[in-house]
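One chain, subunit A, links the two complexes that follow: it is found with subunit B in the first and with subunit C in the second.
== the complex of A and B ==
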């Protein structure tokens, strides 16, 4: 069976069907047309193109062209800045921050968002969020340095992560950053620092608890096993540390609100316990990150639009529970939130060009894009949506989308609903802000431009790489070239 | 040597001051004019000056109340004795001896009387003078009270006589009436004294002129002629009661008028009584009637009377205008709400309807606010807003705006569907908090069953009362707040303000937000900084330089008699502290403030109140300079000051607008040195 597009082959016939097909998204399937011998006649059948049953909350059909981004023609942007191209909608980023801030601030007396740098630590992105009032949440000396370089005061930086060197910790403590301890070895190093500085250092303790499956036990001290309590006790016993904070991170892309409510409940109970047993008074508690964005996970049953909680949902889950903690209203510990994905994922889009379309041996359709896993590493988790950047007709076909890398694994999506795009056509992939840029790797191709658009104005916030840049630190000894 | 010079200059200044006190105009300029007017005849003027110096020195020697002495109170009787002796006798060596001795005696009587009258906070006026002059007149034959020896320099006298011919008698008497305060029966002195008073205080001048006119009519009415009319009693009592001791207003006007008529009666009665003893009544009527009229005012609860006294020791009163300014400020302060309110929610909300709003905040209920939450797109709800739950405000915590006891509540009214209002149970689910100071907070439109407090329960500031809902007269979820005088729903609302808060991003003290303003509670993170309050070992010094003078005040932490936080300056003046959650407000305590001058200077420079942030970085001090990069700073501005607070909540500068030379520094006193 070969599939024909009747609209192109039988133009007369298509004229008759046009009204119906364009509305119903039809394609017509016939038997083979070879005329060598008379074959059994089978009448043409009309089968509806379908992308699965969507309800009223479903995403827009892939045939609706997304030919403008933040008020600019996609085509023009590519002409000016090349393809592929990351585009940041600055206002959307600001709105996300303000929305999230509002949701938590109207429910908890002292809530502060600390942006998780690792999600996307481009200077421009961090600067915009700092401008809006976000603190910095960093997980390495490198990220810490980025934050300081952006003029964030040390006291507005939260330093997490399982591996921090002594020099980095020394710098953090002398600049009054908030440090959350991940393990006993780190605690030992911090005690040494306290001794060297001759002061009692204020620290936070990272805890984890049984919340989800698979368990998220890498970071901090376990609550159920009693490690968390031992850690607080040990920190106080040294006399060099003062525990003023608790930190929990429940996972990543958590759309199950019960996980947050159980985590908050656990924090409150743990605080009550260490307050009674050890006399600890917290200055802050940190609910970490993990807030979901509007991207559908590969294994998700429903599209993210239906499953992703709003900021208000998260806040309504977490704040009332925390407010039951052992303190008077005016002495509430400061609540830190460390969103990354939930803030930056949606404001970014990637414009990419179709390099080729091909028919696969199984009869399916494949297209090759000029962007691959090298700049879109999140395809491991996300089923990205591919929107056409121009009018590409109404016929949608399940298509395998390949990246441009010369690697068999570079498949952006096994089966996506893509209209009939041709070489040179543009596709827009929305919601690509989280991790893709910070995890991108220079492999086979150079990394593209990143632009930000605000108030109609386009700013290049990261220039495309050049060969010279990539090879800048390479050296070829003379003996290799003689 | 220097100390002696200092003392001498102090004595001369005090003596000089006494001339102003004579006409209830304690200021150098009127003092100078009156001094000049008393030298219509140089010898008489000299006698006044000598009497003044003697009684001033004598009072100092007797260690009279220092403030009263500095004000020049004790020189007054000396001056009057000198001038009166000059008026009634030819100057001779004997007269001079009488003058010296008499002034000395008057000082003794003054100190004794001042001590006695202090109990009732009454002025001694010129009673010592009256006592001494009658004593002298009765005990010796040097003078005859019925004979008027008006000495004068020849050509001045002739001018006076010439004017006497030109002007009608009534006008002539009227114009020279002011001069009679210093026993000068001539037009020049009269006009000079009048100018002196007028320059000093327009209120005094008006009252003086009115008192004189009314006095003239009274005298003419009782006596059928103006013969023997001396305006001094009428003028003096008008000056004393009209604005100086009693705050000038229309009540004071009628009060003064009655006092002037009484004075006329007493004066003529006294003249009749004293005819046989050849004693002049002089200022007897003024003294008696002033005390008579002041005493009842002193004895009554001030809150019910329209006639106000200045609540400071009388010798420290500056002028009728100062009194009036003080009174206005004091009454403004008094009528202010007692409860310090904070916004009854967390985070940023918008005003849907403010005071005197277009829908329901009208009439007695006009001092109320409706709060809703709006997002970055200025919408109250997400999506199409077709469900109550789409509204951001729905279910948000509602807090106690101030500490108090839950008086009553309603928790069972069903929430309305959107855009439907329940006019049967207007207030819906509500909470009324008794703030235990006669003020009550009323919060409305809670979600059904969401209220978590109980009647009788004590709540703290910021404690959660319940959740925002849509019950009662509420088309969309919102919080209604009002402060009222009675605990029942629907009682009249009080004009009120929120103690502090962010209004459209700016910090405001006494915030009174309007429709569509975005407001939120002010939470300044004080975790890493240091609190200003409660440090009894610290003192604050305020320096202010302007073109003419340097004003500096060092304030120490203390408590007032009620144990409330207060600041005390070196001369025990009290400055009251009002504590807001993040700021403290310091204002001169007008009730106990003995010096109106210092308060006036303070107010002139700093404004009605000085607002300081409660938390500061240690060791911080400010110069009155602008910050060069303040784009990331919040600015608190009141009438005259600005406080800059950086984004992370650290207060970085306090600046007084328009007074770039104002400095505020924080000093730590060493406990060991004390």
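== the complex of A and C ==
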């Protein structure tokens, strides 16, 4: 027993010694490790605490990195396609269309969406929406030509706008497009066309109402002043035109549903009146566009997430009122809707790089991006969000975001919550699909690539400009160079 | 009180900073807290970049730009002279 005990003690001692040496080794290794590894670095930052900047509605914090878009690494997309870079999530665009179409068709089965080309008339965008079933709503001969070039039948094109040339109108009527008359001069041109074609032409009359402040009186004939009734009567009086449609467009980015309900009510009452007085039977009525998207307006108190109605809200506001119109259920006129912004804004994001950061005289921070107002003209309306494209830490600082143009007015946002970013870091600006591309200017910089991603596959849908492309139609007479 | 600093400050472990002179409060991130502590300890401004690079995984040119910008922020906030 004693021997056993001695052995046991010896064994224990050996084990302790061994364990001790292991611990010693481990300690040395740990010390080595501690000595060589430095702490993770982030830009030194100090943020003053202020009262009232937070609200209970909130937004996704800008510190949450948006380092992937449509399943692709943002960094990788920029490496492959450059910065800035417009990115279209095709499935989101399709879902948007389907959601809106469902919302209206379930409440008004004869509803038909005609996509407002002017918001983004890139061929790929229009094609996707036509694939989903959208008609085209165009406001110029140029846009009409884009639609026809995409093989849209004339009869599936709605031609609006305050200025249409005789040639454009002639083409539209010859191809059976739906034309909504904006003014008497246009009506007269269309009467001439009817005469030349030797037929009575079916037309729509665009009307406006006192719905907003300031009112949208630029387009069409005013209802309250009696001009709309006169226009219908005048059109019929020529014997060359047959009024089969009424059109109204209540404004742009309308998140006040009462404007739509008043417009729909006005349409119903006006239809009832011209039916009684003039015997008009409508084949269609067109509630136009103006539906808001999830972007916050510069002058809005609350973020768009809180104020932007859903498609169901819009449909529930408009459709039940129209169904009270003066017609039997089976004779309901076709209902056209002309969304643009609401469909294409959200599926697009812009990836942009930080070009510089600077400390402003008031102590605030400024950052300069490689994207400016030339490709982001909607900053006039929207307070865009700037999400980091990588982990930029949790310290958010109030920041003035400047575009890269050498112009003092090129400010993308006076005050945005942006984490600590440095030159070369990426920012993602969501919801940029409406107007920014169709209104972009070639100014100072070349316009960037636009890509679309669907089912993991990346497609370039608009190539970045080159100097040669920009100067293609310029000419320098020999006498200027001798 | 260090000559750099405008008034007396209390800095917590978590980076919460209280200005005894004005009553204003701030939050510093880890690097900012490190630099501020060095300022409180009396480190000279010229040594701060070196202190930062020896403590954190960062290149000297980046640290220099960032420390400069941090100082501008502190000056504009009237935290340092």
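Going forward, the second predicted complex is superposed on the first by the 425 of 482 C-alpha atoms of A that agree within 3 Å, B and C clash if a C-alpha of one lies under 4 Å from a C-alpha of the other, contacts with A are read in each partner's own complex, and residues count from 1 in each chain.
Basically, a contact is a pair of C-beta atoms (placed from the backbone, for glycine too) under 8 Å apart; a residue touches a chain by one contact, two chains touch by 3 or more.
Note that the coordinates shown come from a computational prediction; the quantities given were computed from them, not determined experimentally.
> Quick check on the superposed pair: does A:323 touch subunit B, subunit C, both, or neither? Answer first, second, both or neither.
After superposition on chain A, A:323 lies in contact with subunit B alone.
> Quick check on the superposed pair: does A:174 touch subunit B, subunit C, both, or neither? Answer first, second, both or neither.
Neither partner.
> Between subunit B and subunit C, whom does A:298 touch in the aligned arrangement: first, second, both, or neither?
neither
> One more residue to check, A:165. First (subunit B), second (subunit C), both or neither?
After superposition on chain A, A:165 lies in contact with neither partner.
> Look at A:95 in the shared chain and tell me whether it touches subunit B only, subunit C only, both, or neither; answer first, second, both or neither.
first
> For A:155, using the defined touch cut-off, is the partner it touches subunit B, subunit C, both, or neither? Pick first, second, both or neither.
first
> Once the shared chain is lined up, is A:357 touching subunit B (first), subunit C (second), both, or neither of them?
second
> Tell me the contact category for A:334 with respect to subunit B and subunit C: first, second, both or neither.
After superposition on chain A, A:334 lies in contact with subunit B alone.
> Determine where on subunit A the residues touched by subunit B overlap those touched by subunit C, and list them.
Dual-contact residues (subunit A): none.
> For the complex, which residues does subunit B have touching subunit A?
Within the complex, subunit B contacts subunit A at residues 345-349, 373, 375-377, 382, 392, 395-397, 399, 460-464, 520-521, 523, 525, 527-528, 581, 647-648.
> Touching subunit B in the complex: which residues of subunit A?
Touch list, subunit A to subunit B: 94-95, 98-99, 102, 104-110, 133, 153, 155-156, 176, 283, 310, 312, 316, 320, 323, 328-330, 334.
> What part of subunit A is in contact with subunit C in the complex they form?
Contacts found on subunit A: 38-49, 357, 359, 362-363, 365, 393-395, 420, 422.
> Write out the stretch or stretches of subunit C touching subunit A in their complex.
Subunit C residues touching subunit A: 17, 24-32, 34-36, 52, 54-58, 62-63, 66-67, 69-70, 72-74, 76-77, 79.
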